[in-house]
Each structure stands twice: as C-alpha cells, then as structure tokens.
Amino acid sequence: MNHPILMATLLLAPFVGFLINGLRYKRHSANLAGVIATTAVVISFISAILLVVDLVGLPPETRVISVKFFEWISVASLKINAGFVLDPVSAIMILVITGVGSLIHLFSIGYMHHDAGAAKYFAYLNLFLFNMLILVLGDSLPVMFVGWEGVGLCSYLLIGFWFTDDQKAAAGMKAFVTNRVGDAAFLLGMFILFLSFGTLTFSEINQLAPTDPTLAWMNPVTLGTLFLFIGATGKSAQIPLYVWLPDAMAGPTPVSALIHAATMVTAGVYMIVRLNPLFLAAPNTMMIIAIIGALTVLLGATIGMTQWDIKKVLAYSTVSQLGYMFLACGVGAFGAAMFHLMTHAFFKALMFLGSGSVIHAMHEEQDIRKMGGLKKYLPITHWTFFFGWVAIIGLPPFAGFFSKDEILAFAFFSPLGHEALWAVGALGATLTAFYMTRLMALTFWGKSRVPKDTHPHESPPTMSIPLIVLGVLSIVGGWIGIPHVIGAILPGHPENFLEHWLHHSIKPIPGLTPFDVTTEWVLMGVSVTLAICSAFVAYHMYVQAPQKPEKVAKAIGPVYKVIYNKYFVDEAYFAGIINPLVKASKGLWYYIDVNFIDKTTYVISDVVRGGGSLVRSLQNGNIQVYAMYISLGLVATLLFLLVR
Amino acid sequence: MLSTDLFTQIGLGHYLVLSALLFCCGMAGVLLRRNAIVLLMSIELMLNAVNVSFVAFSRYLGQQEGQIMVFFVMTIAAAEAAVGLALAVSIFKRFREVNIRYFEHLKG
Amino acid sequence: MLLSAVVFLPMLFALIVALWPNQRTLRPLALGFALIEFALSLGIFYYFDPSSSALQLVERYPWIERFGITYFFGIDGISLWLVILTTFLTPVALLGAWKSIEERVRGFLACVFILEAAMLGTFLAMDAVFFYLFWELSLVPMYFMIGIWGGARRIYATVKFFIFTMVGSVLMLVAIIYMMFLTAEAFGTMSASLLDFYRLDIPFISGQFLSPQTLMFSAFALAFAIKVPVFPLHTWLPDAHVEAPTPGSVILAGVMLKMGTYGFMRWVMPVFPEATVHYAWFFMLIGVIGIIYGALVAMVQPDIKKLVAYSSVSHMGYILIGLFALNEFGVTGGLYQMLNHGISTGALFLLVGMIYERTHSREISRYGGLAGVLPFFTIAFFIVTLSSIAVPMTNGFIGEFLILLGAFQANSVWGYFAVSGVVLGAVYMLWMFKRVFFGPQGELVKDEHHPLHDLSVREMFVLAPMIVLVFWMGLYPSFFLNYSKASLDHFVKNQAHYELAIQSGKEVAQ
Amino acid sequence: MTPDVFLFWFLALTTVLAALGVIISANPIYSVLSLVMTMVGVAAIFVTLGAYFLAGVQLIVYAGAVLVLFVMVLMLFDLKHEIHAFTRGPVTGAIKIAAVGLLGGMIVGAIALSANSLMKTENNGIQTVIEGDSTKALGKLLFSQYLFGFEALGVLLLVVAVGAVALARAKGGTHAQH
C-alpha cells in the first residue's frame, strides 16, 4: 500500500470511529461502542506498524516518509500544507500512541460498561487519538498546533465527562484555560520563528537553525524557543502551568492513563525533540528548560509524598516524571527524553490503569487510607502494578532504570548540564521511590482498611489483558536503550538500539565528550542505592510501623502543611491573578462602560437637549414676545445697514 | 447742527420723521399693552404712520401710486380691525377679559 | 445588470411582502425570496474573475451630472465575500427566527429585505454619495427592527444606536462633500466616484492634526469606527444586541458591523494612505484595547446575549488590528475574520435566540446542566463556541492566526498584547459554557412544567449550514481566499498609491 | 414762519401726543379717543400734503367707521380703568422699550443721514407735483390700472364682513366652557 493511503488510514480511522460513536451517542450499549472505538484504534495501530516497517526499510540517512494532502493556508509567503511526516522520532510516538491507545481503549470497555454515556466517551477518546496523531505527524508547527489544541479540547471534554458535577466541569475548564495560556505562547513562538526563518516547517526550520549557539536573550531563536517552551509547560504540566494536571484526574481513569500520562502531556517534550537543532542553538532556553524541569521533578515528587488520593499521587508523579523529560531536553539529551517518554508511557499508563482497576474494584473509592491489603483480592492488578512500581523507582533491569539513568548521566556529563542538576535528579529519584512505595504499601500491602460493605473483586479480562501487556512492556521496554557501559558487560554486547534509531533525527550536543565509565558506574550505583534505601524506609514506615508517618508529619509540621496543600499554588493563582482579574473586569464594566462612557454620552445629549429647551423657551406662544423678536431683528438689521 | 432751516423749511424728511415717531408709538403699544383692543388700536396707529410716509412720498415724488397704496392700506386696516374686534369679542365671551395672552388658546 | 439586480431585488421583495395579503404564507414566501436572492448572488461567481484585482461587473451611469454623482456599482475580491455573507445570513436569520416574531410579521419581513438591500448597496456602491445613501438607509430598518420588535428597553437602545451611528455618518458626509470639491479642484470636474478619490493626492502634514488629509481621515474613520465598533465607542452595541429580536441581532452582528471594517478597507486606508500609515498605531492600540477590554467585560456579564455582544467587541478588535497591520497576513486575516465573525457570532445569536424562545430568559445564573437535557443544542453551541475561541480546524483559527501574525509582523508589541485575547476568549466563552451547560441543573432547566425540547428539524436546518461553514472555512480556507487574493495583494502592495482599474469588456456604460 | 410751517408743527405735535395718549392711557376709552385725535391729525396732514380725497376717506373710514366700531366694542365689554394695562416682566419690558427707542432713533438717524439725497429727489419732485385737486386723477388711476386690486379689495371686505359676523356669533370657540 502506498504511503498516503496508509497515512490517511492511520489518521482517519479514529476520526471515523469518533463520527460513528458520536452519531449514535444516545445508544446505551457500551460494549458495542467500545468495540467500534477499539477497532478503529487497532486499525490505526496496524497502519502505524506498516508505516514504521516501511520506514525501517529506508536507508537511515533519508528515513522520512512525508505525505502532503492539500494546501491548508497560503497567504503571501506563508504556505502551510496539510502535510504529515513520519520520521524516527514520530515513529516512536505513533507506536506508543496507537499501541498504548489500543490497550487503553480495550481497558475502557470494561471500565465504562455501566456508564450511560459510554458511546460519547469512546467518541471523545477516538477524537483525542485523531488529534494526537495530527500533533505527532504534522510536518509544520501550525499543523502540530492543530493537534496541540485539539488534544487540549478532548482533554477538556473528557475531564468534564461527568459534567453534572460542577467541580469536574471546572477542572475541565481549568485544564483548557491553562493550556490556552501555553498555546498563546506557542503562537508567539511560531510568529517569531516565522518572521526570522520565513517558514514553519520542521525540516526547514531545523535546516535553517544557526549552528553556533547564540547567547543573546533578545535573539529571535532564544525568544522563539522560549515561547515554544512556555507552550510546552502548559501542555506538559511544568512549572508554572502544571496546576491543571492534578485536577484533571476528575476524568475517567483510563483517560488519565491515556491523555494525562502516556500521550498528550508528553507533547511538549516531543515538540522540543522535534526542534532539537533549534533548541540547541539557544543555550539560554536550554538552561531554563533544564532548571524548570529539575524544579518540577522536586515539586511533583514532594507533593506526591503527601497525597491520599490514589490518582492524585499518580498525577503528581506524572508531573515529576515529565520534569525528568524536560531536564533531559534541557541538557541536550533528546534521545534520553524520548526514551523516558516511551518507558514512562508504559509504566505510568500501567499504573493509572491499575489504579483504575483498583477504583473499579473499590466502587469508585480513591482514598488510599481506605485501602490496604488489596493484594489478595486483586492479584493481577497487584502484580502488574508491582512491575510498574519497580520500573518507576528505577530498579535495574526494568524500564525506568535505563531511561532515568540515561537522563541522570547526561545531566552530569553534558556540557549543558551541571552536577547540581544531577543531584536534583537523584534526589527526585529517591523521593519517587519513597512515594511510590508508600502508594504500593498503602494500597496493596499491609493490613486491610477496606470498609466492611465494600467487596473488592478482580476486574474482567478486558481490563486485565491491557494490564498484563503493559506490565510486560514495563519490564522489557527499557531494553531497547541499554547504555554502553552496561551493554559492554552483558553477553552478546547489545547495542543501544534507540540511540542508533534516532541517530539522524537528533543533533549531537556540541562539545560532548564520551562518558567516563567509572564515574558513570558510580553515579548509577548512587542513584539506585538511594532509591532502594528510600523504598525500604517507605516500606518500613507504611507497612511495618504505620504510626510513624504521622509522627514524622508532626515533627516537620509547617513544612508538611505547605507540601500537603500543594505549596498553595492554586490559592496563589486565584488570589493573585484570577480573582483580581474578575474583580477588575467587573470594575471595568461598571465604571468604564456603564458609568464613564455612557454617562459621557448622556452629558453630551443633555447639553444638546438643554440647548434645545433653551431655544424652546424663546418660543413660548406669547405673541408680544414674538413681536419683540421682530423688533429686535429690525434693530439688528438697521444697525447692520447703518454701521456698514 | 440745528439750523433754523430745520424749523422753517418743511420737507420730505420732516414728514418721514413724523411717520417714524408714530410708527414707534404704535409698536410700543403692540409690545407693551395687554388689552387686545388697545393692541388693535396700536396696529391702526402703525398703519397710519405708514400712510403718512406714503402720502409724503407721493407728494414729493409726484406719483399718484402712493395715494392708491394708502387707499388699499386703509381698506385692509378696516378689514383687519373688523376681524380683530370679532376675535376680541369671542375671547371676551369666554374669559370676560381681552388680555392678549388668551389668544394662545386660539390654537386647536 | 447583475449587481443592480442583486441590490434592488430585495427592495422589490420588501414591497411584495408588505402588500402580500395572506398571513399564513408570508414566512415561506419571504424565505423563498431570500433564497432566490442568495442564489442570484451566487451568480456573481460565474462572472467573477478571481485572478484580477480590478473592479468587476461594473455598472456606471451618470446620475446627478452637475456634481459628478454617478450610479456606480462594482465588485472586487474585497466585497465579494461580504456580499455573499449578507445574502447567506438573511435566509438563515429568517428561518432561525421563524417563530420569534409574532406580531406585524409583514412589516418585519419588509424591514429585513430593505436592510438586506441597503447592506448590499453599501458593499457594492463605488460612488461616495451613492454609498452614503445606502449606508444611511441601512440604519432605518434596523431602527424599526429594534424599536418595534425589540425587548423591554428597546426605545433606549434604538435611540442610542441611532444617535451613535448618526453622529459619525454626518461627519463623513461633510468629508465626502469636501472631497468632491477637491476632485473639482484637481480634475476640473466634480466627481464623487471612489476611483477619483483614489486618484486624489490630498496634502498631508505629518504630526499636524489640522491638515486636510488627517481631518478627512478622522471624519471617515470616526463613522466607521462607531459602526465597527471600537473601544470607547462601543456602548451602543450591547444595548442594541440585547434589545434586538434574534434576526436583528444576527444581521446586526453578522453583517452590519462588517460595514464598518469594510469601510476602513475601502474608503479610508486607500484614500488616505499617509494618514493611515501615520495613525495606524492608534488603531492598533484601540484594537488591542478592544480585544482585551471586550473579553474582560464579556467575562462578567450575567446575560448571555450581552456576553456575546461584548465578545463581538473583542472580535472586531482583532479585525481592526489585522487591517491596520497593513501587511498581507493582517489584511487577509482581517477580511477572513469578518466572514468568520459573521458566521460564528451569527450562529451564537441564533442559538441564544433558540434557547430564549424556550425559557424566556437569558440570565446565565438561571441555567445549568443544559447539556444533559438538550444534547443536540449543546453540540451545536459547542461547535460554535469553538469557532468563536478560534480552535484550529474551525474558521476562527485561520483568521486569528493570520491577524496575530500580521500584527506581530507590524509591531511585535501589539502581537504580544493581542495574543492575550486568545486566552481571555477561551476564558469567557468556556466559563459561560460551563455555567449554562454543565453542573447541576439550574432552575430553568429542571422546571418540570415546561420541559425543554431539543432542536427541531427547522432549527437543525438553520444551524447545519453554519456548522458546515465553520469547518469548511477552517479546513480549506484557500477556497475562500483565492477569490480575494488578487485584490488583497493589490491592496497591500499599492497601499501608498492605491488605484482600482475597471475590468474592461464587462463594463456597461461610460 | 409761514402758516404752512406753523400748521405742520402744530399738526405733528398734536398727532404724536395723541398717539402717545393711545398707548399710555390706562383706560381703553381714553385710548380710543386719543386715537380719534390722531386720525384727525393724520387727516389734516394729508390735507397739508394735498391729498384731499384721502383726507376725507381717512376721516370717514377711520374716525367715522373704524373707531366707532372700537368704541362700540369697548362699550359692549364695559371695560373700566385697567389695573394691569401693561405686560408683566421688567426685563422683557425694558428690552421692548429699548428696542422701540433704538428703532425710532435709528430710523430718524437714517433719515437724517440720507437727508441730502432726499432733498435732491424733493427738488426734482416738486416740479412734477400736480398742484390742486388730484382726486380726479386718482379716481382714473384707481379704476383703470388698479381696477383688479380695487375689486379684490371689495371681495375681501365682503369676506371679512361675513367672517367677522361668524366669529362674533361663535360661542367661545373650541374651548367652550359648558
């Protein structure tokens, strides 16, 4: 099959699914809707595989499949095609999206089977995938922006899926508006790039990107990348625009798995990787990205340690893990960012689905204080979740270990990196191990705190199969990117397959020297040891001595309170931006519109009316007064004639 | 410059000044009096003032047309007096007074 | 003859409708007439040459020869789509408000047709006096539409509307007359033809307000700015919209506001090139203020219709900065946004009218949870909302993207400020959407005595073309832009010495 | 001082004083009597100007008919001395008097200024003045050249007579009190 047709199938299959489910949204058969939607995504997945196979067949230097459907916008020098391009970077993305997407669709069939709006749900989910594929495959920034906003829109719809709940609807709106802030910056970034490069196509921008880094701040490259990065912070939940992601957990859990863990939130990372030559030319932006990434790692991890809602913990974990990806981008390790993006998609989707399974089993209970000891009720969920856990805390040889380790190594060795960044990353890994172990312990291990009237039960096969598949991927997913130091001692010396695959898509960091092997081993050992120790501490605290956490919390009282309340960032945004804005708007309306502009016009009309009534009073019907005017007129006339 | 000429040589100017004075008297009456009938009289006065100047011009310019005009004016004045008095009568019937202000009520 | 037919046919329709004896067949008849008019206007495409920037289908006859006033119609890529928009929105508005007008239907329909004729004449007339005639004529039916069929405070609203717009137009008339004297000075014979105005070289002294060009620029600009409306002169708009009946709002927002921006494009920017360039910053400024101010004030409105009206202020601000960016992106985006705004705001007013017919309330706080009760209505409203907040793949995005790009190119400062409108637009629309459609059911929605009915077949027929257009214009803008491209190119490239040729061969007289 | 001159000054003085009497006297009856005096004075001035016929008409029509009409109406109303003979309002009153005074002053001034040119025409005119009785010539002119106007006046008078009667008979106009 030729590429345009495959590409069209890849893109349009979910869209057709959306249309079918959207038009029969009133039918209440959840299973049929789920089957239709899942089929659509599977078709998409198959096309993706076929395309990637074709891509692999191409010589590495020209490994690009590009398809142009029609000219979208063409005004003067601005020419934007509805064009899509598949290269090694987007190949990873589409496989993850359609693959993980298929699994999550499958999971949703079981999860949503009792929901009256299932058809609508699947329609939205399909629409999301359609937009996500546009985002990933688009050959230019505006086309990417189409998907970029589209996924935000679907995220809005899915977060507010149970719209009768005011809070959930508000969470959806919060997500959209926060994303919009990022999108506005994204637009500005596009404008700057277009005006300095004259094009918005990725390939051309990357070609035109200056080869020597510029240190100026007001330089178009720095400004443009900076604005694009702000756009990415919106979509990928980084400081300062991360606030929407925890609230986004109001949506159905598979949505959190698909959109808010595996795919959409990684769009920012993907965009930066897409434009890596450009970002490399702007070291200032890179520095900011790395710092923001590192700070987000810490922020997400610390808040994650204190939350009681199973999904909120995972959400802050996602924020934190996304921070790792940005840290990687910031130090120039784009390959590592993509790697972590992929492994994170596996294990975080797994954990979200696992939490979905738990929530399903617990009849919509999300508070981990009311769980515990679920291991014996939900064996499959527990074991799959277990593999997700080992992957995320970075135990070798599971997926997270390789990707996180690569990021940390780059943070240490890259000329764009810094020892402090490595230290923050390692600290983050330690905290991750702590809060993840806490989550495991409180949910699955220890004594059961399940209320008496709840009877947890294992989920149906449609839900457990995706869990198992993702569990396996969490184990083996990291093996495609085994670092050289480890590969060297393994039998058969496996190559770093991922690095090889991305070789032509990613520009090497200028001035990068080969890693020092000993140091790398030491760094690896330190981070793994720290993670294991911290996991043991957490295990001890939450399983063996359950009264300890409270003591600790009391000991660090105020700090705990600040962290537990998420650093009061939401409150600060409300007090500092939103409420004043609403108040100011009301003031504008009341004082400027109603009282100033209108009153001014009234004054003008009053003056005119006053003049009119003045003239009217001259004409009062008294004949003698009229006669007086006549005589005065005569006087005036005569005076004029005489004086003249 | 008051020369004796002014008193001894009676010319057109004298008649015109006389006419003007009469006219102003009439106009003052129109403007100031409240009684409608006195008002009508003042109008007659003004018309007469005009007549004086017409006749004076007729005499000093040697044209008969001035006198014709006076003739017409007189007739019109008579007619006007008749109508005005009729109006005054109807006003009086209604208000027992002929104040000019009541003419406002003539409007529909 | 085509353009004359397009302009004057609605007048004939108005007469027929006004004299039509049968009350029951009145509405179908009017709808049929409006559709005939729409079909006729589509006939322009057959004769229109998209590759030429010249004035086409020209009809020009002397009218008052002593003053050089002519009967002069012509069309080019700038006015083409506005004409189509007008003839398209009229049947839509009629069908959309099938039931909302119950009294004096005959008079109302006649008003709609006269209004249509006046608006078409405004877009097509190329003679200043002729243009002014149509410009003022359009006020009269709108005045009656709001004043007779309007809401509770309709008299206040009509008087405000009328006085605001009249004040501007009167100054424009003075300027037109002055320009006619200038033509007499420059060319020997007096002329009111726009083409002669283009040829005039009006003295401009930079920085001096009392130079002739600046004065006349201000007079014209004021008239159009009130109509647009731009920031400090906008207060007539919310009142007029809130009081107007649904079709009145649709036409007012959909087409009449465009008369202002069209006026800028046709009568201000090419006629007074130096002043335009010199004062562009001012219009960018008030455009940006309009965007932000309109959005902020819209955010806190308690009345849906008022919210949509203020959103118009914000959107028209975009158009203004697009036009005064004076580059191809901005001007193209501005023209495109005029069409977008006509479609999306027109549809919004239709939808608000539909829900008003059901509940007789526009107060946002009394709604809530509508999505569960009226799914089709919700979907339609959501799509139009997306168009209004310029989500990609809808028409709004193309316009906003081009405008912002143009503004950014003209001066990045405006770009930075204007982009904030993207965020604020989402805020006010989605906040309203959330309060009306999401959350627990409000008092009006759960009222069991008056269960709400979802969209009827007629209403779907009204909304379907709008929604199709939203996506069509968003996905394949080239179709629309290709017809205007030549004219816009010409417009931007020759801004300093703009002249319009007359397409030869199809000329009728002179 | 020739008798002509003396006559002029005497008549002018009498007439003006009588005219002032018309507007000043508070009792309308006195006003009418002053007006009669004025009319007679004007008639006498006509005589000094050689318009004998007009003088006669003036006496008959004004002093005889019109003023009798006035007197009759006043008698009918039985008006006494008026308390508010003049309009109220000191300001407008002042303006009115000022206007009249200015007007009179300016007319006189204008005549004085143009006295020279008037004198010229006077001298030219004197030769053409038809001395003696001009009544015959007047009659000829009236019944030949101005016949139409004359007849029209007749019709006018008829209409006025009918109208005046109709008006006077009407019961209080449209604002009838019953």
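Lettered A, B, C and D in written order, each chain numbered from 1.
Rule of thumb we're sticking to: a contact is a pair of C-beta atoms (placed from the backbone, for glycine too) under 8 Å apart; a residue touches a chain by one contact, two chains touch by 3 or more.
Please read all numbers here as calculations on a predicted model, not as lab measurements.
K.L.:
By C-alpha centroids, what is the most central chain here?
P.N.:
Answer by centroid distance: C.
K.L.:
For subunit A and subunit C, let me know how many angstrom lie between their CA-based centres, rounded off.
P.N.:
Here the centre of subunit C sits 38 Å away from the centre of subunit A.
K.L.:
Between subunit A and subunit B, what is the gap in Å from one C-alpha centre to the other?
P.N.:
Taking the mean C-alpha position of each chain, the two centres sit 100 Å apart.
K.L.:
So, what's the distance in Å between the C-alpha centres of subunit D and subunit A?
P.N.:
104
K.L.:
Need the CA-centroid distance for the pair subunit B / subunit C, whole Å please.
P.N.:
That pair's centroid distance is 66 Å.
K.L.:
Could you tell me which residues belong to subunit A and also touch two or more other chains?
P.N.:
Touching at least two other chains: 624, 628, 631.
K.L.:
Where in subunit C do residues touch at least two different other chains?
P.N.:
Where subunit C is concerned, no single residue meets two or more other chains.
K.L.:
Among the residues of subunit D, pick out those that touch two or more other chains and give their numbers.
P.N.:
87, 96, 99-100, 103, 107
K.L.:
Between which chains does touch occur?
P.N.:
A-B, A-C, A-D, B-D
K.L.:
Please name which positions on subunit D make contact with subunit B in the complex.
P.N.:
1-2, 4-5, 8-9, 12, 15-16, 19-20, 22-23, 28, 31-32, 35, 38-39, 42, 45-46, 49-51, 53-54, 57-58, 61-62, 65-66, 69-70, 73-74, 76-77, 79, 82, 84-87, 93, 96-97, 99-101, 103-104, 107-108, 111-112, 115, 118-119, 121-122, 125-130, 134, 137-138, 141-142, 146, 149, 153, 156-157, 160-161, 163-168, 170-177
K.L.:
Under the definition above, what is the set of subunit B residues touching subunit D in their complex?
P.N.:
Listed in rising order, the residues of subunit B that touch subunit D are 7-8, 10-18, 20-29, 31-35, 37-38, 40-42, 44-45, 48, 51-52, 55-56, 58-62, 64-65, 67-68, 70-72, 74-79, 81-83, 85-90, 92-94, 98, 100, 105-106, 108.
K.L.:
Which of the residues in subunit D come into contact with subunit A in the complex?
P.N.:
Of all residues in subunit D, those touching subunit A are 87, 92, 95-96, 99-100, 102-103, 106-107, 109-110, 113.
K.L.:
Provide the residue numbers of subunit A that touch subunit C in the complex, in ascending order.
P.N.:
Going by the criterion above, the answer is residues 25-26, 70-76, 78, 142, 145-146, 148-150, 153, 156, 160, 163-166, 169-170, 172-173, 176-177, 180-181, 183-185, 187-188, 190-192, 194-195, 581-582, 584-586, 588-589, 592-593, 597-598, 601, 605.
K.L.:
If you look only at subunit A, which of its residues touch subunit B in the complex?
P.N.:
621-624, 627-628, 631
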